[in-house]
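What follows is a group of structures, each given as structure tokens.
Each of the two complexes below includes chain A, the first together with chain B, the second together with chain C.
For the complex of A and B:
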């Protein structure tokens, strides 16, 4: 194999795929990136962790000898990063070594054969639809913070996508860690009708979100089956991310979304966030609870720490129901409040032991449910 | 130092544990032989057969010819002309690995996986009331055979060091028990190379010092070992006596995340130090992002050429917000230490006081947080 690629092009593509590669691998070839130089002057790079793979095709300045090989992903990325701007990078394979040349630099890297490189077998992906990258990014941003990291409940370690017929056909994304839930609803895209329920793993979500950042103006093509999902960004010659789906059943989350909470609190999410953040300063790691005292048109936030004393702050609010007290994990509350880009946020409360519904307003596509803490 | 030794032995005797080390036999190759009857009883190598392939795993039939993992395929074929090469199927190995893990967890929650095909189990608590660790090891092996149609070897003893040595003793499909009181004698006869942590370089160094077996090692006092092996000495001293107090660790809750680099050449100049720090920031920050960890304490550690260690830490009022803040704090810590009195051979950077993004670390003593599901 011999190919020459503009340094910026190589760096950009390697940047897209290399973060899939785990730093520590028990299987050596998983540390490598597959590089394939084709007849047509395009070079494909691919990285995998067996559950997730990212493939990108980039234009080469020239392909002298087509071929394919694998080398350490992080090494090649670090080298490309440090090469001078504007240089042409030549990649040439001979005698089990890949020679990387650019300007006055020359590296010789060990390789492993391409035949050993594992590729995820996609199989048939019968459901296909498109989403604007901006919409997909928003959907991820509004839900991913609630994904569980608890491995024993592996079926919560991702974002759950499913279609439904509410007033109209919709596509919903939901994530929960058992303490809070985030859900985002959009109009059902053409082609998504009848798709299987799927759970996209956390790492795939994170990698996809990074890729979306550079392609926010385009559309993303999504193809899926009950076991695999493929995201194609930037059409032909773009980036393709394929992930296995989490093999499990997402709980029926709709039953934890409260519908009859009759105590409505409205206030400014920013001053609410800042108030919670301030009083939580004295909270020790173990008791991170913030107590909210609700009275007519005001909320009093208090934190009591056995070691650090007490903190209190009073906030103006719109509240007409009976006064009561409720406690929340300050971090969870802040996570949700930081999602609300509006002058008011609605909290629909029932009592100190029941789930609270939080949203911008009733038209908002995003909805959050937070379970209180005993205080 | 006699005191230290006595305390160790007492500590081990006080809380006598039951540890099992389970190790699958020629794992990758066995999975291939299981799934393809044609391969059974034949020398099989998993890996690329091409001019440049490497053997990833070899069946026991192939090992008889001297075929070993990590050997170039060309060499392997020369040793064993009938060797059959098969491509690896990681999915199949992963699936078997998950089945095995599930079996371990049936017997105990204290499982420490070492890799895809081996783990330590602490069965002191005897959750199922089986009565003997040897019996548990037998049951685990039987269940592995029944559910995966693969064989495993197990070692049973009262610490991790001995259990691992034991599992290696009667491979394949074997079981070996080292009972309390037998550890020291067992270790005496072992060649030094079988001690975990002693590689080819270490063995070479020991040979020069006249240490070839566990008995040779046990004959040296701790001062001698410290002089020649530094911080490794305490481990060697205990291992030579069959003592190992390390607990079986399940998925530990991380308290810190970091990384360090030892250099091939000592560094003392400011620009080189700063560049090195940038490199370490890159590596460590990636780990932090991957773990979705947030923390507010940054610690810089350096080891001088005379092996003295200096470290400086700074805690921020809030979590380190991003990579540039992490780098900034790291550099501020470095600048405080400049100019260095001696060149350094190692630099490390750590983020601690961790709080994980999901708040999972807050394992509350009381269950104040109510559950949604």
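For the complex of A and C:
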């Protein structure tokens, strides 16, 4: 194999795939990236962790000898990063070594044969639809903070996608860690009808979101079965991310979304966020519980710490129901409030022990449920 | 100490169970439900402690279409029950009556004598093997992964009752979710403690 690629092109592509590669691997080839130079002057790079793979096709300045080889992903990425801007990088394989040449630099890297490189067998992906990259990015941003990181609840370690018929056909994405839940609803795209329920793993979500950042103007093609999902960005010559789906059952989450909470609190999410952030400064325990005292048209935030004294802040709000007190984890409240890009946020409360519904307004595609704390 | 309340997430819409654990406490009853034609007057009365799976067995019996089941029979009007029994006799259909709670005082003499003649089935107290199977079944249904050695630790310490086991697994699930940690020994211990107090009482 011999190919020459513009340094910036190489760096960008390696940047997209290298984060898939885990830093520590017991199987040596999983540390490598597959590089395949084709007849047509395009070079494909591919990385995998066996559950997730990313393939990117980039244009080469020239392909002299087509071929394929694998080489350490992080090494090649670090080399490309440090090469001078604007250089042409030549990749040449001979005698099981890959020679990387650019400007006055020359590296010889060990390789492993391409045939040993594991590729995820996609199988049949019968459901196909398209989403604007912006919509998909927003959907991920609004839900992924609630994904659980507790590994034994593996079925909560991702975003759950399912279709439903509410007033109209919709596609819903939900994530929860058992303390809070985020749901984002969009119109059902053509082709998603009859889609199986799927849980996309956290790492795939993170990698996808990174890729979307550079392709926000286009559409993303999504193909899936009950066990695999493939996201294609930028059409031909773009990036393809394929992931195994989490083999588990997501809880019946819709039952924890309150529908009868009759105490409505409306206030400015920004000053609410800042107030919570300020009073939580003195909280010592990990959970940072903030107590909210609700009275007619005002909220009093308080924190009492056995070591650090007390803090209180009063916020103007729109509240007409009976006064009561409720506690929340300050970090969770801030996570949700930072999702609200509006002048007001609605909190639908029931009592100090019941799920609280938080949303921008009733038309908002995003909806959050937060469980209170016993304070 | 403030603590997080967890979302009441569950995997099943109806709160029912996916399977029936068969063990020493119910194997006789399960076996008898398989041969309704051999019941005296094709009638059986199933009793057992709370949460022992009586209704599940009744549903299963109903679904097998070997006969009809009446859940919570002791709460029904006795005359109505007697009618149903008579109708079942006429149709030659086996009838399973599930009764809740302790004992069943029947005031109607006709019904009392018919029920007295029926096959009496009772779900008993689960042994260690069945307790272990019950713990596993409850955990699986909640999507709760119990750590290694959980059964060895929990079985000898748990309350030997169907309701007790269910409560214990629910408490382990809740604590692990509340703390966002895997269900390991510290969680098992705290769950046991939350249910029946500390193993070692405090001196002071």
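The rule we apply is simple: the second predicted complex is superposed on the first by the 372 of 375 C-alpha atoms of A that agree within 3 Å, B and C clash if a C-alpha of one lies under 4 Å from a C-alpha of the other, contacts with A are read in each partner's own complex, and residues count from 1 in each chain.
One rule holds in what follows: a contact is a pair of C-beta atoms (placed from the backbone, for glycine too) under 8 Å apart; a residue touches a chain by one contact, two chains touch by 3 or more.
Because the structure is predicted, anything quoted here is derived from the model rather than measured.
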{"item": "Room on chain A for both chain B and chain C (clash or fit)", "value": "clash"}
{"item": "Touched partner set for A:248, first chain B, second chain C, both or neither", "value": "second"}
{"item": "Touched partner set for A:155, first chain B, second chain C, both or neither", "value": "second"}
{"item": "Partner chain(s) touched by A:375 [first = chain B, second = chain C, both, neither]", "value": "both"}
{"item": "Touched partner set for A:165, first chain B, second chain C, both or neither", "value": "neither"}
{"item": "Touched partner set for A:217, first chain B, second chain C, both or neither", "value": "neither"}
{"item": "First, second, both or neither for A:85, with chain B first and chain C second", "value": "neither"}
{"item": "More chain A residues in contact - chain B or chain C", "value": "B"}
{"item": "Touched partner set for A:39, first chain B, second chain C, both or neither", "value": "neither"}
{"item": "First, second, both or neither for A:118, with chain B first and chain C second", "value": "first"}
{"item": "Which superposed partner A:362 touches (first chain B, second chain C, both, neither)", "value": "neither"}
{"item": "Shared chain A surface residues [contacts with chain B and with chain C]", "value": "148-151, 176-181, 251, 253, 256, 285, 287, 289, 327, 329, 353, 355, 369, 371-375"}
{"item": "Chain A-touching residues of chain C, taken from the complex the two chains share", "value": "1-13, 143-145, 147, 176-178, 180-183"}
{"item": "Chain C-touching residues of chain A, taken from the complex the two chains share", "value": "148-155, 176-181, 248-249, 251-253, 255-256, 285, 287, 289, 327, 329, 353, 355, 369, 371-375"}
{"item": "Sites on chain B touched by chain A in the complex", "value": "47-48, 50, 52-54, 56, 87-88, 90-91, 94, 115-116, 251, 283, 286-287, 290, 292, 355-362, 364-366, 368-373"}
{"item": "Chain A residues touching chain B - in the complex, by the definition given at the top", "value": "19, 23, 26-27, 50, 96, 111-113, 115-116, 118, 145, 147-151, 176-181, 251, 253, 256, 285-289, 327, 329, 331-332, 353, 355, 369, 371-375"}
